[in-house]
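What follows are several structures.
Next come two complexes built around chain A: one with chain B, the other with chain C.
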Partner chain A sequence: MFDALINGLLLVLQWKAFSLMMVGMGLGFVVGLLPGIGGAATLALMLPFIFKMSPAEAFAFLLGMHSVAATTGDITSILFGVPGEAISAATVVDGYPMAKNGEAGRALGAALMSSLMGALIGALVLALAIPIVRPLVLSFGSPELLMLALMGIACITSLSGLGARGQIRGFAMGFLGLLLSTIGQERQSGALRFDMGLMYLWDGLDLVPVLVGIFAIPEIIDLAVRGTAIAGERQPENLQAGVVEGIKDTFRHFWLVVRCSAVGVFIGILPGAGGGVAQWVAYAHAVQSAKDAKDRERFGKGDIRGVLGPGAANNSKEGGELIPTVAFGVPGGGAMGILLGGFLIMGLTPGPDMLTKHLALTFSMVWTLAIANIITVLLCLALLGHLAKLTYIRGGLIIPFVLFLVFVGSYTANGQIADLIVTFIFGSLGYLMVLFGWPRPPFVLGFVLGKLVETYLFISVSRYGFSWLSHPVVLVLIFLTGLVIAYPFIQERRSRKREGVGAT
Partner chain B sequence: MRRMWVVSLLVSFLMIPLVASPARSQTNFYEGKTVTLIIGAKGAGSLIAATQIVAHHLGKYIPGKPTVIVQEMPGAAHLLATNNVFNVAKPDGLTILASNPNVAVAQLAKVEQVRFDVRKFHWLGSTGADGVALSIRTDLPYKNFEDIRKANQDLIVGTTGPGSNAHDFPLLLKEFAGAKFKLVSGYPSNGDVMLALQRKEADVWAALATTIKLAVDQGVVRAIVRGRVATPGFENLPVDEDLATSSLGKAIMGIKAAPLAIGRAFAVPPATSADRVATLREAFAKVIKDPEFLAEGKKAKIDFNYISAEQVLKDFTALLNQTPEVLKEMGKYIKLEG
Partner chain C sequence: MQLKLRSLFSLSLMVVAAYAAITAWRWSFKTSLFPLATGIPLFVLAAAQLILELFGRDETTSGPAVELELSTHVDPALARTRVAGILTWIAGFILLVFLVGFPIAVPVFIFSFLMLQSRVGWGLSLSLTAVAWLCFYGLFQWLLNLPFEEGFIQSLLGI
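Entry: the complex of A and B
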């Protein structure tokens, strides 16, 4: 196995593969920045180019592009509050408020460094997991996947405000998200639900227009109302120092970054869960790491940990997602599905062969993930200071640009005008939510997890009756889910006790 | 004053292409143009891979050597793309539909959203038929279909949902051939079903023959029954239509088999001029014989065989010609894929 590891590295370092990787990285950089034009759509566009490449070159190109898009997607999330990629939405929640506080440089530095750490940890886990990958994935059947999805939903307690009111609002929004995820054709019987007679809704609401609308539009309205630059009336501070501060923050909260990377990898490994989930669970975990209730209040207003968590998770999940894709041919997420198309064109069959005969190629993918991210972050660090200056441009100048990004972004996801209408509708909904204090992250989590929960619940009950509740892994997960739900309340109790002790 | 000069100079430069193009179009229509193959699917799959390979080589055989690209237009089980090419796309020979012939079944079932008639498209031909096969886990004792009929408990069939081969093929075998199946549907993709098989969560799996062949080669499953189209390696398997115990069952299985026999067909909108259609048909017939094209198909494990435009149209017309009784019963078993 060690030879394969070294051979994999040599495959990537060949000049042709390496230069193709750099080209891919350049593309990925731009694609990540532009909202909506997502990694998945661009991967599909790039497929025709890989015909003439060898497998190592093709995957260096595709993965170089894809992993960099995950890193730079955070940039527009922080600067403008517009998610650069569907997987970068969680970074908006704390990243954009930081930009509004004049801390854009710090947020960018933190996001990039945590992305790099996440990517490296993801690549490392992928490499280490290769011997045990098949038994690992095989031990997660539909009931286990259902419990994991439910655990994801349980994270809503951590994403909502404290106190009865906060929790009720959080769950209400979570259930709204679940409800909206049922729009479209039901997988089990083919019946159409809530499609309002429109063919557009047959496949359900697409994630990108919803996300871009619900996060970006309220921020744009807010910006227009304030009439200032994104960073307010401040004078530009020393932005490069901010970036360095952000990098230092990543190491100050090192274990949080490691834990969120682990979350990202694990969720990536689950077939079908996808990046939409990993970032929110990581964010919820970051919130849970708050020391007490007062510390928790800082999330959503510009806490650096809210940027570090999702930043790490959405890169580490890249490594995680490759595991089921390469070992079983089951795409870990949307973009992986396209990568599978690449496998087909190359004449490779995902499965045991990739872990034995073609192990060097599999390792070359691991190395691509690591090297592409290292190079990108190093190159970006110089740019970040300048990018942060954008938050000091007058609102009147920047709003049309951001609006353009928003609408182009949501249109290019599928090339359908109806997506723009969806963006507008959810933008209005998002605005009302912000105005009246109803949290948006639980909504997104419910929306993203809804289909998964329904699918796996149906399959579990259909296949096992109710006996699946007694499967060992399921029982462990039920216990963990209970913990996740209870955590904020335990936290509150503990801080109250501490205050009580302090008072006496 | 100077600014006016600069502006007018710029504007006149911009006018040049507008003036130049009418002259160019007399010589060769396709030169410098882009031909778009529209496909109603997204992501991975043999249909997309096959279309990519066609796009890679088709330009060589169209006079003027245009660029050929693939545009994904997913939605409503290929209906969106089919509707688009039939009604919206300009009939200038620059837009080609990479169709999934199952849309003809939607037309037969008189689905409300169907806004095309497969018989009115100008078909260019097909790159080859697809077979379907039903397979069972290798560690189970059932060796052939008779064993499945006599099984003492229901075998679990993992499917991706009504409308897919994974669902309909076993469903028809259950209803009309007496197979002891319990369908568990909703798996997100065929890959997930194969994973479920390896976890012993499911026992039986049906899919396109090329997909099943890959699993057979890996030793995960053995193939038991096939559809009408014989594919290499599966020729000796019993055909589902022969196992049906009633003529109604056989007819409905036939309806499901017909689109697969038509395979990966390409078409242009009805209003396209005859000479453009002829150019494209010729290019299509030639590309299928191209050795590089066939080599790439072999690499991707896709079998390319030429089916002429006339044959495609004939098969579609035959498919749409069904008795009222069959039409009535069909709705119970055939739905659109999600």
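Entry: the complex of A and C
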């Protein structure tokens, strides 16, 4: 085993594999910065180039690119409030307000350092978990996965609004996201739903235009309304100090970063859940970790913990996603599905062979994840000074560029003008939601998980009737979901009691 | 009782949910299960919110906990004008892409926005437009080789 670990490292450090990893990282860096163009799409674009590579070179190239895209995706989320990747949306919620408060350097420092820690934890877990994870994954059937998805939605929903009315709005938005995910062909029967006679809607609404629109357009509108730079009229921060502070924050909240990394790994392991879910659940966990209701109110206004949690989970889930992909040939997410194509091109079969005959190659993937992230974070830290200065450029100069990137990014979803219209519609909806106090995160999570939840529900009901509700793991998850929903109320009541005791 | 703009949003959600539920009712069990399971609770929650907005006491806890906050220091009338302005620019950009395609729309949009909206001088506007075009051509077309459809006008004229 130890030999394989060292051999894996040597495979990555061969000059050709290392050079290809650097090329992949360069591509991933740019793609991560561009809104809407996901790491998965780039993986697909680059797949034809691996035919002449050896397996170690191919995976260094592909994984180097994919893991870096997740890290740099956080940069645009923080600087412009535009998710660089669909999986970087949760970083917007607290990262962008920090940039508006003149703390872009600190937010970037924290995001990058937590990403690095997340990636290293993910890689470590991948290395350790391969032999022991099989029973865990196999014990989760559709009912358990359904409950887990619902718990994820409940997590973010219950934290999205203050008071009872806030909860009503949060849950309504979650249901709206789930409902809109039903547009298009129903997977089991092929029947069309809410297609309005438009062929564009047969495949349902694409995630990229919806997500980019709902997050980016309201920020752009607000920037235009303010008529200032993103960081307002503030004096430029001491960037170096800000970045160092961000790095220190990562260690100040070390256990939060570790816990959120664990969340990322766990969700990554579960087939189909994907990075967007990992980020939101980690964000919800960061909010849940607040001491009391007052502490919780700081989230959404530029709390560093809201950057650290999603940053860590976003990168740790890469290691997690690789576990079922390598060990069982069951891709943990969309990008891993494409990577599976890479396995087939290389003539490899995921499964027991990868843990015996090709163990060194499997460990080379672990090393690629770790090395690529270390190099990227060091490179980003060196460039942060220039990147954070962008928030002090007058809004009027930034807006057309951001709009251009947003719409080109959205267009790449299907290559149709309708993608731009969908972006515009959801952008306007997002603005109205922010204006009237309806939270966007539950909507996004509902929309992201909708198709998955429906499939799991259908399989659960078809296979078990309603007896799946009595499965032991399902019962535990139902209890935890109830607890998650009740937690803010319990916390509020406790803090009121404490205040009452303090007053007397 | 006063029907505020805020209440119209809740009302719109109710209408959407009701439309979804009524439409789904006619479908087979398999097809309608999920739309009904999500549409009906959405209708109930939106209705509860609307009732609370119209007849309930004012909200004591203001604003959402986990959301962005819009700027409030700008005069509301000016803010409304600016919102309408930027939405018009965005709609104009989409229309331009439809008419002439991305390769022409991108430089035209960026140049006009910088000149007319941001009131930047000719020199800077032209330089920034050139940077945007280079980024578009070099990155999206040359490096990533993304396909961009021609515009309506080009296809009409057969160019």
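In this section, the second predicted complex is superposed on the first by the 500 of 504 C-alpha atoms of A that agree within 3 Å, B and C clash if a C-alpha of one lies under 4 Å from a C-alpha of the other, contacts with A are read in each partner's own complex, and residues count from 1 in each chain.
Simple rule for what comes next: contacts are C-beta pairs under 8 Å (C-beta built on N, C-alpha and C of every residue); 3 or more make two chains touch, one makes a residue touch a chain.
Keep in mind the model is a prediction, meaning the values are calculated, not measured.
In the superposition on chain A, contact is made by A:L435 with chain C only, not with chain B.
Legend: residue contacts after superposition of the two complexes on their common chain; A:Q188 is shown touching both chain B and chain C.
Of the two partner chains, chain C is the only one touched by A:F401; chain B is not. Greater residue coverage of chain A by touch, when chain B is weighed against chain C, goes to C. When the two complexes are overlaid on their common chain A, residue A:G415 makes contact with chain B and with chain C alike. Of the two partner chains placed by superposition, only chain B is touched by A:S142; chain C is not. In the overlay built on the shared chain, the residue A:K301 is in contact with chain C alone; chain B does not reach it.
By the touch criterion defined above, A:I217 lies against chain C but remains apart from chain B after alignment on the C-alpha atoms of chain A. In the superposition on chain A, A:R463 makes contact with chain B only, while chain C stays out of contact range. Residues 186, 188-189, 415-416, 454, 458 of chain A lie at the contact with chain B in one complex and at the contact with chain C in the other.
Of all residues in chain C, those touching chain A in their complex are 5-6, 9, 13, 16-17, 20, 23-24, 27-28, 30-31, 33-35, 37-39, 41-42, 45-46, 48-49, 52, 56, 59-71, 73-74, 79, 82-83, 85-87, 89-91, 93-94, 97-98, 102, 106, 109-110, 113-114, 117-120, 128, 132, 136, 139-140, 144-149. Contact residues of chain A toward chain B in the complex are 44, 47-48, 51, 137-138, 141-142, 184-190, 199-200, 202-203, 271-272, 324, 328-331, 334, 337-341, 343-347, 349, 351-352, 414-416, 454-455, 458-459, 462-463.
Interface of chain A with chain C (complex): residues 30, 34, 37, 42, 45, 81, 92-93, 96-97, 156, 159-163, 165-166, 168-172, 175-176, 178-179, 182, 186, 188-189, 191, 193-194, 217-222, 224-227, 283, 287, 296-297, 299-301, 306, 394, 396-397, 399-401, 403-404, 407-408, 411-412, 415-417, 420-421, 424, 427-428, 431-432, 434-441, 453-454, 457-458, 461. On chain B, the positions that touch chain A within their shared complex are 42-46, 48-49, 52-53, 55-56, 69-77, 79-80, 83, 113, 156, 160-163, 184-189, 191-192, 194-196, 198-199, 201-202, 214, 217-218, 296, 298-301, 335-338.
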